[in-house]
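Below is one structure, written out as structure tokens; comments come after it.
For reference, chains read A, B, C and D in written order, and residue numbers begin at 1 within each chain.
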Amino acid sequence: MARIRLGMVGGGNDAFIGAVHRIASRIDDRFELVAGALSSTPEKAIASGQALGLDPDRTYANFTDMAKREARLKNGIEAVAIVTPNHVHYPASREFLKRNIHVICDKPLTSTMADAKKLVAAVEKSDALFVLTHNYTGYPMMRQARQMVADGDLGKIRLVQVEYPQDWLTEAAEDDGVKQAEWRTDPARSGAGGCVGDIGTHAYNLAGFVTGLRLEELAADLHSFVPGRLLDDNVNVMLRYEGGARGMLWSSQVAPGNENGLKLRVYGEKGGIEWTQADPNYLWFTPFGEPKRLITRGGAGSNAASQKGTRIPPGHPEGYLEGFANIYSEAADAIEAARAGKSSDALYPTVEDGLDGMKFIQACVASSKRNSAWLKL
Amino acid sequence: MARIRLGMVGGGNDAFIGAVHRIASRIDDRFELVAGALSSTPEKAIASGQALGLDPDRTYANFTDMAKREARLKNGIEAVAIVTPNHVHYPASREFLKRNIHVICDKPLTSTMADAKKLVAAVEKSDALFVLTHNYTGYPMMRQARQMVADGDLGKIRLVQVEYPQDWLTEAAEDDGVKQAEWRTDPARSGAGGCVGDIGTHAYNLAGFVTGLRLEELAADLHSFVPGRLLDDNVNVMLRYEGGARGMLWSSQVAPGNENGLKLRVYGEKGGIEWTQADPNYLWFTPFGEPKRLITRGGAGSNAASQKGTRIPPGHPEGYLEGFANIYSEAADAIEAARAGKSSDALYPTVEDGLDGMKFIQACVASSKRNSAWLKL
Amino acid sequence: MARIRLGMVGGGNDAFIGAVHRIASRIDDRFELVAGALSSTPEKAIASGQALGLDPDRTYANFTDMAKREARLKNGIEAVAIVTPNHVHYPASREFLKRNIHVICDKPLTSTMADAKKLVAAVEKSDALFVLTHNYTGYPMMRQARQMVADGDLGKIRLVQVEYPQDWLTEAAEDDGVKQAEWRTDPARSGAGGCVGDIGTHAYNLAGFVTGLRLEELAADLHSFVPGRLLDDNVNVMLRYEGGARGMLWSSQVAPGNENGLKLRVYGEKGGIEWTQADPNYLWFTPFGEPKRLITRGGAGSNAASQKGTRIPPGHPEGYLEGFANIYSEAADAIEAARAGKSSDALYPTVEDGLDGMKFIQACVASSKRNSAWLKL
Amino acid sequence: MARIRLGMVGGGNDAFIGAVHRIASRIDDRFELVAGALSSTPEKAIASGQALGLDPDRTYANFTDMAKREARLKNGIEAVAIVTPNHVHYPASREFLKRNIHVICDKPLTSTMADAKKLVAAVEKSDALFVLTHNYTGYPMMRQARQMVADGDLGKIRLVQVEYPQDWLTEAAEDDGVKQAEWRTDPARSGAGGCVGDIGTHAYNLAGFVTGLRLEELAADLHSFVPGRLLDDNVNVMLRYEGGARGMLWSSQVAPGNENGLKLRVYGEKGGIEWTQADPNYLWFTPFGEPKRLITRGGAGSNAASQKGTRIPPGHPEGYLEGFANIYSEAADAIEAARAGKSSDALYPTVEDGLDGMKFIQACVASSKRNSAWLKL
């Protein structure tokens, strides 16, 4: 099968997430990066393209040019990865979607709810696919967990405890020239949510992915601890799911000692599971009244859902990049099916998941402003 | 120094917490159990006294008789441990306090706020001491943490994350003749809080002990998952402390895989700490920007506060009973000082801590009824 | 049942292990310390007795006086705890054994093989019991493991990996006035083995306790790293057990970062177990081809053997002192049976275990001198 | 920089390690697979080439044809990855080396010492580089550790404890058609060592990589537990290093519960380190007398040596494939330098390391046959 021709918007030199997308796209060898509009600064876009070995002819100064020209090329890109700050997600996606180029877009969906809705509409109108990289759903043990919940191994779900603490914004990194910190704390580029948009959405999305439950309402208490910071850096939320499950979500960027502490715990009438992203190859499972079991990626007790996203034997740890690559591989499955005019059951986060995440951010911000009133999504 | 003569109310055969108090009182050899009203069932009281080797003459059918007679004996008890269901705490304490016999009482303070206030008044009137066994504050590493916070090692506190999940009430154990479950799920004996009173108060108390912060308001979402259960079995709370710290508290008795999962995390402007009760000899400490450090009881990095409650070298684990014994030893310090007509700086939970815990329970129940409105304590 | 009247030899102020024995004897309330020859220095013996609240009349200047007089008293001691440096174990035990006073003695058995054999003979001649406090066999999860091996849960045993690293002798603590270090590194008081006698024997004993296997031969490489140290401070041994199992034993007192790292792993044809003393309430069990299971003291999956030595529910950690207390409780079972003229099936380390440990030390030292030749025990 | 044109020998469909090499070569985008002799079965070689999207013209039936033709092509391969069973390593390497095509070869070096020496000679004669994929040396935290030892952070090294247990050969998988098991237990294809050659060499190599110490002599006890198995499946070794350090090495393939349990601990006069491959992003470091510190890949406390092999921020786990990719990236550094006629300080395992590993295997087998006599390497 020929590799999928991929373009990239954003992700120039020094950007963290662009490099991640490129590695993730390569791991299973189903994409080939052939074009890019890698920076909003033209010189940087060109230098970055050169550094990546792109054909200078396909290194673009902006995404509009890229979309227009690639759409006309005989072997133009079939898909584009959009890895810019949030406020660019919608305008960039639109240009490619309307030319029926598949979009693989970083999260959160957009910086505003208005953009989010327009993006949903753009996806509906397009023949192209839209894949949102809520990458943590790509971890094999999260797929294992999702299948176990669906299979009823935990019984009816009662409790969801999800947390995502980090510490890198404990001090005002945005004032020290840390680019990653600058745009993430800037409402114009990030949207109304700071920590809640950057990582709270990941936590929210992952909980929904695993449990299959829809959130009914939430009560949030957002706060910004660092003086002068415009967006929240700590997020406390209580959750009420359809069917009666309750939960809590905590995300923070000011919790020293937490590098990237995403952790999910789900408890049902018959059992519980626990997973932590920093050691992603393990899933704890306790059937009520029995000893805890440690299920490992690829090991005894692992199910088909986790084995699908597994490359190497148990005990040989896969990590963040392999989890991310699973999203790309699912996207490749879907794109290849589309090439063949078929549908697929590829499992990846969609524009609807993205809209749902935007509603979550919006509800958190609104609830917090209303002193933590319970709000529907 | 002669051992302190101790009596016990409750704690007959098969009671869990009575045996714990007795072992805790023996570990440092400063108390001697000499009298008891060990059960509300007279025959069981007698049989239990016999099993413990008590003088039959000092095995009482009820606590009132015991208080009256022991107060008149030349070598009557100097202190009494009250280890009954919650609704007996006040009436039993009252009888001993008014005879100036020191009281060491299990938590929560009482089953009703009215009783709690009367108990505070009774303590104020008495010359005797009142010690509440919020035993988790007796763990050396919690004393280490408290001292570190007080010393400013974490900087100004921003975040408190405390949780206390268990799983033993996942099914309706109270319908299966489990005595521990019966009274804990009975409002008449437990009070208005179920899980929140039984273990939520421990979590709340411990967070306050370590941080030294006063809670200003809370928003709670209590729920009972097991059909027919009258009291909450899951507790979600958001916290706002004086001075601006925020937090979350989760306690549950329906989370399969959690035996007794008390865990405290505190984050400040300069660093963070993490501790879990199941492995109590370790305290993680991360000064922001430095590697995590594992401070061990009695080991390098341990401070005077933790060393005081330490009996054996690091690597030789102390556990729950030793932590509990530290409360008894602090009580012994205070009682011996009182014998000598002196005051002491013994560190133990007081009746005010107990009242504060009752306010916490009350506020949680009330907030939950008002759809999680923020309420002052 | 009346408490067993206990005396103590050694264990004066500042001694670590004497205090441990006293607490262990109290935890289950079956012993009462009533006499002592607590130090070889008479003034210290008296001061220590006073500090412990012993009757001055029963505070002795030496163990011979104590044995003679207590044997004549109407309510003289029924048992004695011997907690001196190793070279005193035999002469002290002898005095009590010949007067039919039960002996509870610290390990290793003696400082010389000659003494060990004489002690075995003395026990054989006596009507009294001899209990050796290889305390790590008292941990509930080690009893769980022993029962599981006996039940065939692991199949035929193939591999034993046991290690016991510490770090407290990384530098020459014996030159800095650390009393614990002084006698442990002195051949006259410790015997021919340093680290191997102090903790290597614990590891060896525990492996035999759990597996029930007899060691056939060993090849050892002992070394002393700290300049001027007369006894080994690091012990590497390869093991061959009867029936074909192989193993390795490592013990060290110069391994920085290891406080008291006793760890046992046993693997058979059908499964494996792993246990670490620092977190003693957990036992990992992997049936081959299935997920690992975490068996907890008192929790799901725990068997009768571990439950017998359990006081409090799972999740409430018991520690070193409770494990030690289990040896005392087994001793109490045996002594009470002896009082009644009955035999018992109490499970405690015997003088034969002690002799076996001495043979292990001797064989390690001899093998090491012969450049690690395989030697029979 | 143009990608390095890579060929592959072995690694056809279903081979584990071939896929690993291909992913590892792609992660940092510095190689491009363009040719292959992917199986010793011609039909399988062709099918595998097709599956990988290779040009049919460059899919060869055997490595000799491939070496000959690629050497003549204008854009023939610059490097070849050899991922066959051990006995093919030498003959395949020879064909490429003599045509000055760089070789990246799996470990152990060869199946016989005679081949190993011939391979060393072949490398010496060639202008091409030879890289041996002792991939565990590619983990960033092992590079961190190596640098720390070199910097003296641990002081003079005293102890090396290295272990590598697995469990996949607990039963006779080689009789059940498991291809991986078949050749690994066949002396004709594996050589004289079974477990010792397959994974014992990894452990040995890693210990030498980190400590920089040369092994002087060893005493080994190899055993085969599974009836009918021709090669060892459990390896116990005692180690004596130059300069006086001692150590133990355990590797096993019959230890249930161990998936891939490579673990290294090194202790010196000033401190100790501990690392486990299953959680590779963490390195424990204890300066003697201070609390343990958890150094994380990319996090606080990480040094330049580990940061060089780091792609993503701390808390985003990298795994086995990224560690393996670091070997490929070092190889790329060296090959690019060679292109430019320069030397490089790229850090990768060499043919001498491979020869050293062969000597280790040979010495283990010989020592074991001589009843564990100490043998020089």
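What to note about this one:
Definition applied: contacts are C-beta pairs under 8 Å (C-beta built on N, C-alpha and C of every residue); 3 or more make two chains touch, one makes a residue touch a chain.
Treat the numbers as computed from the prediction; the structure is a model and nothing was measured.
Number of steps on the shortest path from subunit A to subunit D, with steps defined by chain touch: 1. Most remote chain with respect to subunit B, judged by CA-atom centres, is D.
If each chain is reduced to the centroid of its CA atoms, subunit A and subunit B end up 43 Å from each other. Averaging Cα coordinates per chain places subunit B and subunit C 35 Å apart.
The centroid of the Cα atoms in subunit A and the matching centroid in subunit C are 55 Å apart.
Counting partner chains per residue, subunit A has residues 258, 285, 292, 296, 299 touching two or more of them.
Across the complex, subunit A is touched by residues 1-3, 16, 19-20, 22-23, 26-29, 53, 166, 258-261, 277-281, 296, 299, 311-322 of subunit D. On subunit D, the positions that touch subunit B within their shared complex are 285, 289-296, 299-301. Interface residues of subunit A, counted against subunit B in their complex, comprise 158-159, 161, 163, 167, 170-171, 219, 221, 223, 225, 234, 236, 238, 240, 244, 246-248, 250, 252, 254-258, 265, 267-274, 284-288, 292, 371-372, 374.
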